[in-house]
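Both complexes below contain subunit A, partnered by subunit B and then by subunit C.
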Partner chain A sequence: MATTKTDTVNTQESLQGQFGANTRQRNLWNDAFRRLIRNRLSMIGLIIFIFFLLIAVLGPVIAPYDYRVQNLDRVAEPPGPDHWLGTDDLGRDTMTRIMWGARTAAIVAIIATSMSLLLGIILGSLGAYIGGWMDTFLSRLIDVTLSIPSLLFASLIAATFRKPVADWVDAMYQQTGLSIFATTTYADLIVVFGALAFITWPGYARLIRGQILSLRQKEFVEAAVTVGAKQSRILMKYLIPNALGPIIVALTFSFAGAIVAESSLSFLGVGVQPPQPSWGNMISDNALSWRYRPWLVAAPGLTIAIISLAINFLGDGLNDALNPRTAIK
Partner chain B sequence: MPHLIRLFRDIFLRLVVVFLAVSLCSFFALDRPVLRDVYNASTHFLDFLTGLGKFWGPVARDVLSGYARSMILLISAMAAGMLLGVPLGALVALRPGSIFSKIVSLISFLGILTPSFLLGLAVMVFFVLYLSRYIHIQFILLRPGGNLLDPRYIIAPALTLAARPIAYITHTTATALREQLGQDYIRTAQSKGLTPRWILWRHIRPNVLPTILSAMASSLLFSLSSLPVVEFIFSWPGVGLQLLNAILRNNATLASFLLISVGLTLVLFNFAIELLSQKIDPRLQIAAE
Partner chain C sequence: MVRYILMRIIAFIPTLFVVLFITFFLGYIGPVDPVKIMQQQRRAQGVYMTQEEVATIRHQLGLDRPFLEQFVAYVNNVLHGSFGFSYFDYVPVWPRIQSTLAVSGQLALGALAILIFIGIPLGLLAAKFHNTRIDYMIVGTSLFLYSIPVFVLIPMVLIVLVLWLHVMNVPRGWQGIFTSSFVLAAFLLSLRSLANIIRQTRGGVLEVMQNDYIRTARAKGLRELHVFTRHIMRNSLIPVVTVLGLLVDDLMTNAVFIDLAFNLPGLGRLFSTSLTSRDFNNIYGIVIFTSVLIMVMNLLVDIIYPLLDPRVVYD
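Let's look at the complex of A and B:
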């Protein structure tokens, strides 16, 4: 008995000697953060992503001009000291419109990903917990929705539901007089969010269902059940932290996907409607004059490309950092 | 036989869901208030179902001609994806660490990520600035009477559409092949003294082929997704452009049938891929028996 005790003490002392007396607590998030910092590409991605979010939040304050005001004296100017990225055919400042477009893209991406994450969590965990016919039905629904070409379907949804939603907003404005219903800008955004969320939820549902099913079989969860841990403790301490890594990675990738999908829809004219600026409709507005004023197409195009690359690098880095066992070297 | 029944059930379910979703959209048919619409929904849905016979009217001609034109693009894009993607991926996997494979990996990474409308614009700019003076043709604005089978018209939109399949198939082939090259049976085969070509053909190929086939299925999904964008950019009068026009003109019937035709294509293609991979993959044969 006594020898065992000294053994333990010795081991503890030697461990403390090895790692220093006040070792910083090592948990998943500290480790992941350290691994993320070491990855140079994903740090660049993170910096660009934070810059993008800052622009989206502060854009209207720091933008040099108003995005709607047309200055007909200075139409279609090349980049210069007054207008850093030039002006478009109506004399509107391109940089201001890109800043406002960042806000549109961020709103759409945040709300679309959170809506589809919510749908995915509800439907995925429903399938995994209830099982049986419910699981079969939901898995089938996931397969079917994944097999529909996304952009075609989203454009159909966005185009067909715009008019009813706009009518509804109009009717609400007539009845309530609330200023939030005065414009159809928000209705447009809701339609785009809805279309994007409707095509992206099955990815999350499949991921969450798989995570729950596989984690419930793991030894450490069985051990926790055996020692009598409460259901809520198992959920909070064992299931959620372990399932969170893949979900965060999927969130990052689908954030980039949502930005690209929003600009594709706006490019086709079924997404965000002018005068609300979006990178997609900036490109399609100026696509015909690319030969004479290439900066009008290049500026929003490069912005989309850089943002989507940056977020994808960040996602790769997060994948390596959060799921070190499954990450492919 | 049970796997065939399962496949047919899948096809049926997929078609039903596409059909229901399309008809759901069609009774929000664009120009009526939403609350009255909920009331009218059932009658409208019945109208839609009974109106299926009208398909063999003017709508059928539009759908079929657009479908044929889109198929030209899709088939050439998928063929390019297979013919370029598989050899490139194999080369990348067989020469790890060389400059060639690094460049190809980078390009395929970019190809998977680039949004198709940016790529389309870039291809358009490239063709107009550098190629049109040699080939004497306007690539972008397709004249209505132009001969659609002329390769000079096809190449620009097909290239844009093919970028993602090529990139994705290259990436998948390289990953699958690299994974197989590290397996024990390769070492066994090498120590038996078999030639590398024989190992590649008889030992690795059957293991990699099912992965490539499923990559084909998902790259067809990518291509179909970016079809409206590509056709919009290059004014190619196929399914995607017609769908956009139908939506803008509130023609719900045409939009529904176009989407159904696309869904049907995808379902049939997936069905063919599934049958083929059951022929090829011995593991699936055992599972089916």
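Let's look at the complex of A and C:
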């Protein structure tokens, strides 16, 4: 621990020497950032993660083919110069579909985790602030939701709401004629967001409730109250910065969780429906041909594995960087 | 303690009631109308039902009654040990779930054995040699196995074991427990929890080792083995027990994919086939059954805590 301290001080001094005094202040975020970039595995994770987001944004533009177009002359080809990751049983380019799948995965992961975080923040802080019967009720609700098996619950929700949401989207199309309502893709995505948010919110709610309850009793918050700091200042300067670390870490891990969960639902046939590419339905489409055309399963499989591993490494590094007291060295 | 357990078992009732309500509500608003399915099946056989017949069947199944009445009837059935019957082949749900339990139970016990006899020792090993190459290897592998969904891992493992190494045939169906396919299935089933248990054991041991009483134990000349087994192990097992609470959920998630891939007649496959055919009564049955398992497991965890740590006292 002592060596780490001198290290940081040295870096800080040299930086100050370079950029003049007080360009870099020592605060939570700078320290955390330094600790993070020193962790090699998390930096690799971060780079892969950024690459994944870039592909998700740019993939459809830079993809070499159309994800729907079948080339029936070149069905089920192994990886080669024209099709870097081969083609599938219908003659579609695997790499193109993986790039589009990245977009699906990113959309689901971002929206589903945001929805679940929002739900968790609202319900968790409601329980902690109001207390009493509200807290009891919400805690019981969390217990109940956590005692329902997660994958089973998510697929039950997805299976139930698929048709009503599809009908609704269809009705919207009839009424408005907007092109975004013309396909069922958005209905699929809405269903998957809902299902994933519904099984993951209790984790956040419990985390946020615990953070608020424990931080409010800490001496430094009491001290701030004693010297007459305003509510808003206590919230902005003491509560949020201290609660943010664990939440960011949880967010990172559940981002990976959401990508895996989306592909699980698509694998089971209740997630994103073909022809819209998702890594999960790419695996389930080709699951039976693993023996003869292993690359068809290996390509999307390895993609999920690498992305999920990268995000988990990043999460681990963030955990060490943001919560140095709980991290085990 | 007995009082506490009794209270917890009584607390099962409202939780279970809410679980039943949620699943039943999902089914009520869900897209599947059993009478329509029946009509389609009859039509396929060349029999056309009249409006009166449809109304009669609807009445017999109680589907014309209001939501709350239907729900009360369903709860009443569940309390009498019946989850209704499948609307597709009219087989009662509960006997069907029971018929999968032998296979799933054996697999789950296999996975539990792997967790206890491989997971905990690996965690201890990683802690013993922490920040060495052994530690990095164990922790890295476990994080690797934790990150990858099992339906990705299955084909990859099969590619390696069957196509490259030729050590086994493609596992198909249930072949008893002394086979390579059982070992592979149990191992894959345990993976998520295995990674968790290794992490928790390692973390627990490292945290306990920093305590003063460990230094005291060493200072008074206790042999390292005794320090480890008497002082470190017992205290570091507390977080490991917490993993047991997540066990059923993790096993069930993996079982869905493993049963499907290896064609095992277990609970997971019953779930995925029911999901594909939208056989909702089967789905509710499995969801509720697994929820009860999770609740029982959580109760067990809470009973084990005070046995390991006398400071944990329930009033």
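The rule is simple: the second predicted complex is superposed on the first by the 306 of 329 C-alpha atoms of A that agree within 3 Å, B and C clash if a C-alpha of one lies under 4 Å from a C-alpha of the other, contacts with A are read in each partner's own complex, and residues count from 1 in each chain.
Methods note: contacts are C-beta pairs under 8 Å (C-beta built on N, C-alpha and C of every residue); 3 or more make two chains touch, one makes a residue touch a chain.
Since the model is a prediction, treat every value here as computed from it, not as a measurement.
> Specify the outcome, clash or fit, for subunit B and subunit C once both structures are aligned onto subunit A.
They clash.
> Looking at the overlay, does A:V57 come into contact with subunit B only (first), subunit C only (second), both, or neither?
After superposition on chain A, A:V57 lies in contact with neither partner.
> A:I37 in the overlay: touching subunit B, subunit C, both, or neither? Say first, second, both or neither.
neither
> Now for A:W168: first (subunit B), second (subunit C), both, or neither, which partner does it touch?
A:W168 contacts subunit B only, not subunit C.
> Find the residues of subunit A that appear in the contact set with subunit B and again in the contact set with subunit C.
Of subunit A, residues 140-141, 143-144, 147-153, 155-157, 159-160, 163-164, 260, 263-264, 267-270, 280, 283, 287, 290-291, 294, 297, 301, 304-305, 308-309, 312, 328 contact subunit B in one complex and subunit C in the other.
> Report the residues of subunit C in contact with subunit A in the complex, numbered from low to high.
Touching subunit A from subunit C are residues 14-15, 18-19, 22-23, 26-27, 29-31, 131, 143-144, 146-149, 151-152, 155-156, 158-159, 162-163, 170, 203, 206-207, 248-249, 252-253, 256-257, 261, 271-272, 275-276, 278, 283, 286-287, 290-291, 294-295, 298.
> Spell out the part of subunit A that touches subunit C in their complex, as residue ranges.
Residues 140-141, 143-144, 146-153, 155-157, 159-160, 162-164, 256, 260, 263-264, 267-270, 280, 283-284, 287, 290-291, 294, 297-298, 301-302, 304-305, 308-309, 311-313, 316, 328-329 of subunit A touch subunit C in their complex.
> Where on subunit B is subunit A touching in the complex?
Where subunit B meets subunit A, its residues are 10, 13-14, 17-18, 21-22, 25-26, 28-34, 37, 113-118, 121, 125, 128, 175, 221, 224-229, 232-233, 240, 243-244, 247-248, 252, 255, 259, 262-263, 266-267, 270.
> What part of subunit A is in contact with subunit B in the complex they form?
Going through subunit A, the ones touching subunit B are 140-141, 143-145, 147-153, 155-157, 159-161, 163-165, 167-168, 171, 260, 263-264, 267-270, 280, 283, 287, 290-291, 294, 297, 301, 304-305, 308-309, 312, 328.
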